[in-house]
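In order of appearance the chains are A, B and C, and numbering begins at 1 in each one.
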Amino acid sequence: MGVTCVCQVPVTEGKSVQQTVDILHRKLEQLGAVKQGSFCVDCETYTATGNASGQPSKLLYVMHNSETPLSCLAMFEGGPFLIADANFDVLMVKLKSHFQNAKGHKVECRGSRYRYCDFLIKVGTVTMSSSARGISVEVEYCPCVVPGDCWNLIKEFMQSFLGTNVPELPSVFAAKPEGLFAPADCVDTMTQYQELFNKLRKLQIQGSNVR
Amino acid sequence: MQQREEKQLEASVESLTSRVSLVQNALQSFINKLENEYERLAWPSVLDNFALLSGQLNSINKLLKNEKTPSFRSQVIIPLLLSPDRDEDLAKLTEMRVPVFSHEIVPDYLRTKPDPEVEEQEKQLSAEAARIGPEVAQKQIQALNKMCSSLLEKLNNPREERDSDSTARQNKQSFNPADTNLLVSAIAFGKGLSKCRPPCPVPPGHSGQGPMMSGGPTLQQVTIGGKMPSSIKTNIKSASASMHPYNR
Amino acid sequence: MEAPPVTVMPVTGGTINMMEYLLQGSVLDQGLESLLHRLRGLCDNLEPETFKDHELVYFLKGQQGSPFILRARRSLSHPNAPWHVRYLGQPELGDKSRHALVRNCVDVSASHSLPEFLNEMGFRMDHEFVTSGRIFRKGAMKIVVGSVSRMLVPGNTENVEQISLSSLIELSILAPAGQDTVSEDMRSFAEQLRPLIHLDKVDPAKQRH
């Protein structure tokens, strides 16, 4: 597991989500990237039902990533996280009287996985309640685990197919002491997906207000 | 269909052979131990050997009872070729017990009747029985029955005493049911383990804090985080004297 | 609307509705050696695995009803191994025809952040203990022989005291719901350990008061 950057790519003016994704695929293939299967990241949202302490309860997210198919990541917003095996999903079913699954909040991100030399690129469509909401691009530079040492390289590579849509250094890295990266549990990657999903979820609410 | 049955038969014969050879090995090593290491052999290890054998016999029994195992009884074996010459393969297969498959031995090995010696004995016995007249036989039967019942009575009476005595002794030696209960309740709900917090009563059996906990409006009103838990705590303390769930 | 490319199966999963079949018993220290000897003879693994675990039992209290209980375990002999969290359903004793206690069971391996995470979920630790002993296996059966110790200082797994002179023995099988036949294997195995020990369905609820 290397350093990973997840960002949102806006839909090209006058094009649909799928057309924009196709354009990205073509650009990657022109660069020489090779398609290597597909990927999927999903996220379920849970809310605590009975809160004895009277404090507003934090949301609990349970996420899966096809890159780590036997694991499951549970995290509280800004709080502790837990990596568990797939039986954690069964546990959440048992806990349903204490933690309710916000059904409409299920987010999924599916798409193709490309390899270009030491880079792993995943272009995905983010869907919420079965309608496409946006496009995600994940770029991983596999040989390095120190963000400060390879961020510029990642940025330059992303420029080559994203143009001006290149993001800033992800905040998960900015908050870390220099030269440190989370161990090989892909928590940093998942946190970035989580932030992206939240952003898209809020966009959706604003969008519906405008209409 | 037939092919499947054949396959099934083959598979069950194979697993039967492997299990029988396990028993054979276990028996061999046990006999070996009995013959060569009898001076050092401890009783628990003899018991272990018996337990091993009983386990293996159990599994053979289970295999035979398994509904997938075809009935071996209904299978017919026909000797197709008999030869007076020594057959090396056969000798190897049977660990040198059967070196030739000849006219002489085949009837003995493939017979479904008792062994020849047993048959001979049986013949003698029935001949002897035929010689005695019915009256004498009746008398002998009565005498034997009487002897058996008195012997049974003698055996049965002290057996009860002996049994209860020996189980009690063994109980004392190796296990204590009270300890089982103590251990089970300790791991099941922490009985007897030091608590890191005052124990909270486990429903059912307490109603004191019910109304406080449920009821949406009250929950909404309590906005100060610390207030509610502390009131619960006092509630428990007052209750604990009378209805401590972990009272021994 | 554009259909998203669906090429990967959903990764959510886990094994639903596993049941634990359980028989329990105990052995006094003076009988322990003979029992271990016997188990070595009967089980698949000649040399049993040893373990030393710290178990923390967490309660989550809802607005009503019984608390939701989770058992978190960590190995003291393998500190880098994942934590293990376990949910156990209400035990069913069943009638005479069923030879073992049955309860729903969810086993989850988890990272070391488990205690902190459970706290955030609203769970509070109710009690803890240390247990150590040996694990034997025979087919699908697992036989755990171990002592249970209370902790004299909360959180300190070094300073412990055995609660009983006996070791607890648990014979268990995990199987999907409805496979009651496994309990027959367990019964016949338990028979082979008599009269050294007596394994039975023990209803913990009966010991509560």
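Throughout what follows, a contact is a pair of C-beta atoms (placed from the backbone, for glycine too) under 8 Å apart; a residue touches a chain by one contact, two chains touch by 3 or more.
Just so it is clear, the model here is predicted, and its values are computed rather than measured.
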Chain with Cα centroid nearest the overall Cα mean is chain C
Between A-C and B-C, more contacting C-beta pairs sit at B-C
Between the Cα centroids of subunit A and subunit B the separation in whole angstrom comes to 55
For the pair subunit A and subunit C, the C-alpha centroid-to-centroid distance in angstrom is 36
The distance between the C-alpha centres of subunit B and subunit C, rounded to whole Å, is 23
So subunit B residues touching two or more other chains come to 213, 219
The positions of subunit A in contact with two or more other chains are 51-53
Listed in rising order, subunit C residues that touch 2 or more other chains are 61, 63
Listed in rising order, subunit B residues that touch subunit C in their complex are 44-45, 47-49, 51-52, 54-55, 58, 167, 170, 173-177, 179-197, 199-200, 202-204, 210, 213-214, 219, 245, 247
The answer for subunit C against subunit B in the complex is residues 24-28, 30-31, 34-35, 37-38, 40-42, 55, 57, 59, 61, 63-67, 124-129, 131, 148, 150-152, 154-155, 163-166, 168, 188, 192, 195-198, 200, 202, 204, 207-209
In the complex, subunit A touches subunit C at residues 16-18, 37-40, 42, 44, 48-53, 58, 60, 64-66, 69, 72, 74, 76, 79-91, 93-95, 97-99, 108, 110-112, 125, 127, 131-132, 185
Listed in rising order, subunit C residues that touch subunit A in their complex are 1-8, 10-16, 60-63, 68, 85, 87, 106-111, 113-114, 116-117, 120-122
